[in-house]
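These notes open a run of structures that come right after.
You will see two complexes here that share chain A, one where it goes with chain B and one where it goes with chain C.
Up next, the complex of A and B:
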């Protein structure tokens, strides 16, 4: 038998050497493709349903030190259109041409990384068309307000007309301000404000000084009032009023107090005079407008159009320019929708949970309530997310002496988020948020690396180092901002409208867990 | 059969090469794309009663040290049985489907399929700890414990491939 094995081995070797001649070019091309590449992956036909099993989360305690167990009654991750998990819609997360990508990147590929650092990058499926580029679609969805495709929300241009309405009111203010200062010019306006503000500032200094002296005089008066006698012949007057003997008093404590009242009244008058002078400085008029009005107008114009760079400036920044920039995205998204294009389906995620917490019964009126028995109450909480996507997010991480360092950009979008505290009710009794977009950017590799570590006592710590004087200019220019927007929010059928937080940036954060002693 | 002297092997080789080379390639091509591997597995983590830190003994412990942190993240007290039915491992060529992306993609991918999962009394605790070992000197903050029991539906096909 041995020789068969022997021959087989040699044949295999020969086969390989012969094969190498034919296969070499293929191998190299393939290797070239693979060299420096990362790994791509995607999930198809995916479905998670808690089904018949039980699931619970433990580890929490209530105020009476009893464990709180959260029982998950239903939990699912399915494809979009699952009708909150009732249908077994299969999900596809990523696709062959738009996979998750895990690879190594450095400063030449990602500008925010420090030189010499190689970071592990996880990138979620990324599309560049307007409907699947979360930044563009999220912006459009915020202006649109309603969920596209739902009854009464068939016009994709609604977003644009809402933007136009906003734009019209902003440009009306811009025109008004430009006409108001047409004969002056905005740079002259600024120079004149600066000149007038110099007076305001020097008078503000006088107010500060007068205020300090006023406070000192007042404290002296209070101290002397406390120390001064209260007898039948010298009954103590109210604070701020003098003893009857005026400046001819025999006793030094009474005399000193009377003198401190005079001094206090003098400082009080001086402070009033200083305030009046400051008020007058704000009232200084040029071409019929006070400094206060001119200053407010200038700031409003700068906020609308950016800081003026000419006497008759055009908009170079500010809210109008930003809105104009938003318009481009809105037009792209709405025309894609009108062309009948659709978004890549997202995920439906949700759970129902039950937990028990202590509940104390109170009786009687609000002022004289008496405490009754404490029982445990069973509470219900459900969360459903429809059409959730993470497209275009990334995480870059590497390690150093601080622990795990990184930067993260999360592009979370959901058609609908429904939170409920009632088991058998409709959305009319729940919190319903539509067109929810979280554009969260935390950390910047060079200027503010997000830092995650476990401390020596086992506590977790998340940290974003603060801005410093040395890097503040770069910091505010380069560290990305975060935005949160909700197209429409309704709470138990009360419509609260659209909500947005734009341009949020964390200057400093230090978040750590603490093991509570109870 | 008796051992064949080595020189005979030497004679056989060129012949074998001439005959087998074309066959080997076509055969290899033919094999490509056939059925992969199907596995059913059941993995149990039992509690060790000798470790009294957890009620009834602790299960498995896994720690991760983020960067050069002083402490570690611990997935502690892993207990229970994970059963997977119908796990498939395969190399497939994606050249169609996926809303037209398959034809454009036209590459091989490693495919890991999962059809059914059952968890029997599975639990684990997510914690932060000061040291890897659960021995003396351990300071640990348990964040939460997840517990699950019974048939769950977890299925999906994971495709992995080199990406540019």
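Up next, the complex of A and C:
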């Protein structure tokens, strides 16, 4: 028995401030005053429970083109605390004060949009307090690792301690590098590196050229070796060694091969000479340090503290500055938790599924397994998400000469994501990810609009234009990075720790879907 | 007029949808055309069993060209105290700073050109195992690429898994490096047994497979299991330089160059992973990903020694261990082997500098 209950609300957004909490009908005169800021909506006290009903998803295939049908069972969307859908906890998405917003925005409201463009914007409920600002809470949750409130996870400052440990190791490297180049200065260091690198680049070109010639000579020698005779009088020598007759051989194939060995040895010597010259360029020392060492140190410092802007620079960017900013967020979240504040409850979402898929049996050693029979296997897969929120996400889309373009920011957080392969079991048999945070940012209206199109053959295409010489400074300053983190992951009760992708920026992308099998 | 924005909103929605579909003119198919549809799909599922494990793989049909930069990739960050195979004091199984895929040619000039990293048909796979109580448990998952090709850069601080490259070049390079490292003159080379051996090898092309190993010892296993959290790569202890050439010197090379305690003939054979700032995944001499793409590259995480099917080598499975794991293993064998990355002997001895991954003066961290 499936059921869906709930109530919702739609707001005409007037300015989205006072009075939105209490809904009252507007009269004609009031309607005339509406400025048209868009539509706001929220869902209040609802739940969806598929109960014992089932649904089928068709259209999947295996690699041999056999159909795979997925049956969905026990799907639900309920309020946080529903105990995986077993309780009818009512859910709420947004509120009159924090609704979804659908409206038109332009560059005066969204700085990333091109001037003159009006975009359709869908924005999820947004909060600015530390616990409900997904960026701040998601960051804290990653460092915290454990799910706050669970046994052994009552100290919200654990996150700050972990960040401090990381910071200590980074600042130790910063101090080491600053002391190493205290008598030189980082701007001087850079100038000297640039001067020395000019020689490296020139010699690298020589190596590339010599390497090309070496490969040509080698291929020629191999081909002539293959073609050369192997007789009693002229036994074929090993590749690289010459026939006994040297340059006075009667037969052209033998002579040619011998000549190719000489040519190969010459090119090999030339390559070696070029390599050595390149090596010497990298070994150029100043104050006892090779170019390679100096270059590596400079890049490490720039990564830690940003590109040096003085001889004795302080950290003006880079990972240390970013970490300091992160710490400020962590302190805010931790303080709020210690004050007894709580997050707006999220959603519990889940489903079970069963499907039959052709399965091939392999056996034998890992280095020489043999393929056995293919039989049909019945698989069970369940997914449950607890405390899911998407606060602060937005999608802006508009059209231009390239088609549909846009920019999207997804702020997804869940206390737990549980994936299972067993119907009657516990979390000790499942994948359990805690403090799961996806901060996904794709596209930037002015600098890198995300383009979506359908190709003539029906395939989908997503493109992010590449960073260019003309816009690279703005690009790196303004196009947002993405982060993905899991505070803790366990697989069938075995801890495999935290996982993180930090500071990911896609500088160029062209993604085309392809039908399978190819 | 209070309807103007609502009207524009509607027109924007419709306009956007129309624009989005305008590149393909959609027409209904008749029965004959429908009958000819082959039933291809963007997503396909595969399943197999091996060694007591069940696997379900979700394949995504896609061609992806990408240039990306990442501040940090950190996988499998947990306490390994008491777990065998630990080769360093690193905190995570895989830890790479300034990770990047793809490169920028002429990066610091107006003619900067992006050379993307190419990926074909990524997939997500789960491994399951029925435990002693008869319960089917999740044992691991992996993200892999059907094929991949291009430059991979980063400061690799810790690596767990398989990372097999091939180093190659004339043995004479080794002699010159040896002389330089040991301050030996041409005259001195005449009385140094290692130098003499390397001199005799001349321009004989030598090669070796390099793999993850423990710094100082060159061991690839510890406590009877493959090492984890490696910080070094090189010629494993007991392995040696090889050559396809024949003759006396060629025959001696494998014996003379057998690595022990990270040295062979006085040459260093273990190198910090952080020295390899950029590697080329796939065969750089091939023009397309179909011809030169590395197969079998994946990142996995598992709770035990899950053997994942090696999609680059039919009939083989990649043995993993608890935690995060990256597979950049060679495919094929002998002369047909394709290595995920290849280095000249020179690069292996000295390390490889980072290929630019940012446009402009900034080399990393963009």
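The criterion applied here is as follows: the second predicted complex is superposed on the first by the 387 of 518 C-alpha atoms of A that agree within 3 Å, B and C clash if a C-alpha of one lies under 4 Å from a C-alpha of the other, contacts with A are read in each partner's own complex, and residues count from 1 in each chain.
Please note the rule applied: contacts are C-beta pairs under 8 Å (C-beta built on N, C-alpha and C of every residue); 3 or more make two chains touch, one makes a residue touch a chain.
Remember, it's a predicted structure, so these values are computed and weren't measured experimentally.
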Touching partner for A:476 - first (chain B), second (chain C), both, neither: second
Which of chain B and chain C A:95 touches, first, second, both or neither: first
Partner chain(s) touched by A:468 [first = chain B, second = chain C, both, neither]: second
First (chain B), second (chain C), both or neither touched by A:515: both
Partner chain in contact with A:332 - chain B first, chain C second, else both or neither: neither
Contacts of A:48 with chain B and chain C, given as first, second, both or neither: first
First, second, both or neither for A:107, with chain B first and chain C second: neither
Which of chain B and chain C A:399 touches, first, second, both or neither: both
Comparison of chain B and chain C by chain A residues contacted: C
Partner chain in contact with A:458 - chain B first, chain C second, else both or neither: both
Shared contact residues on chain A - chain B and chain C: 34, 37-38, 59-60, 103, 398-399, 403-404, 452-458, 513, 515
Residues of chain C touching chain A in the complex: 2-6, 8-9, 12-13, 15-24, 38-51, 54, 56, 59, 61-79, 92, 97-98, 102, 109-112, 114, 116, 121, 126, 128, 131, 135-141, 155, 170, 172-173, 176-177, 180, 203-205, 244-247, 250, 301-304, 307, 309, 315-319, 322-324, 344, 346, 350-351, 353-354, 357-366
Touching residues (chain side chain B, partner chain A) in the complex: 1, 3-4, 9, 12-13, 16-17, 20-21, 24-25, 65-73, 94, 98-99, 101-102, 104-105, 107, 109, 118-119, 125, 127-130, 139-164
Touching residues on chain A, where the partner in the complex is chain B: 1-4, 6-7, 10-11, 14-15, 18-19, 22, 33-34, 37-60, 88, 91-92, 95-99, 101, 103, 398-405, 452-460, 513, 515
Chain A residues touching chain C - in the complex, by the definition given at the top: 31-32, 34-38, 59-63, 65, 67-68, 102-104, 118-120, 211, 218, 238-241, 264-265, 268-269, 271-272, 275-276, 278-279, 282, 292, 295, 299-300, 302-303, 306-307, 318-319, 322, 355, 357-364, 366-371, 377, 379-381, 397-399, 403-404, 419-422, 424-425, 429-431, 452-458, 466-469, 472-473, 475-476, 481, 489-492, 494-518
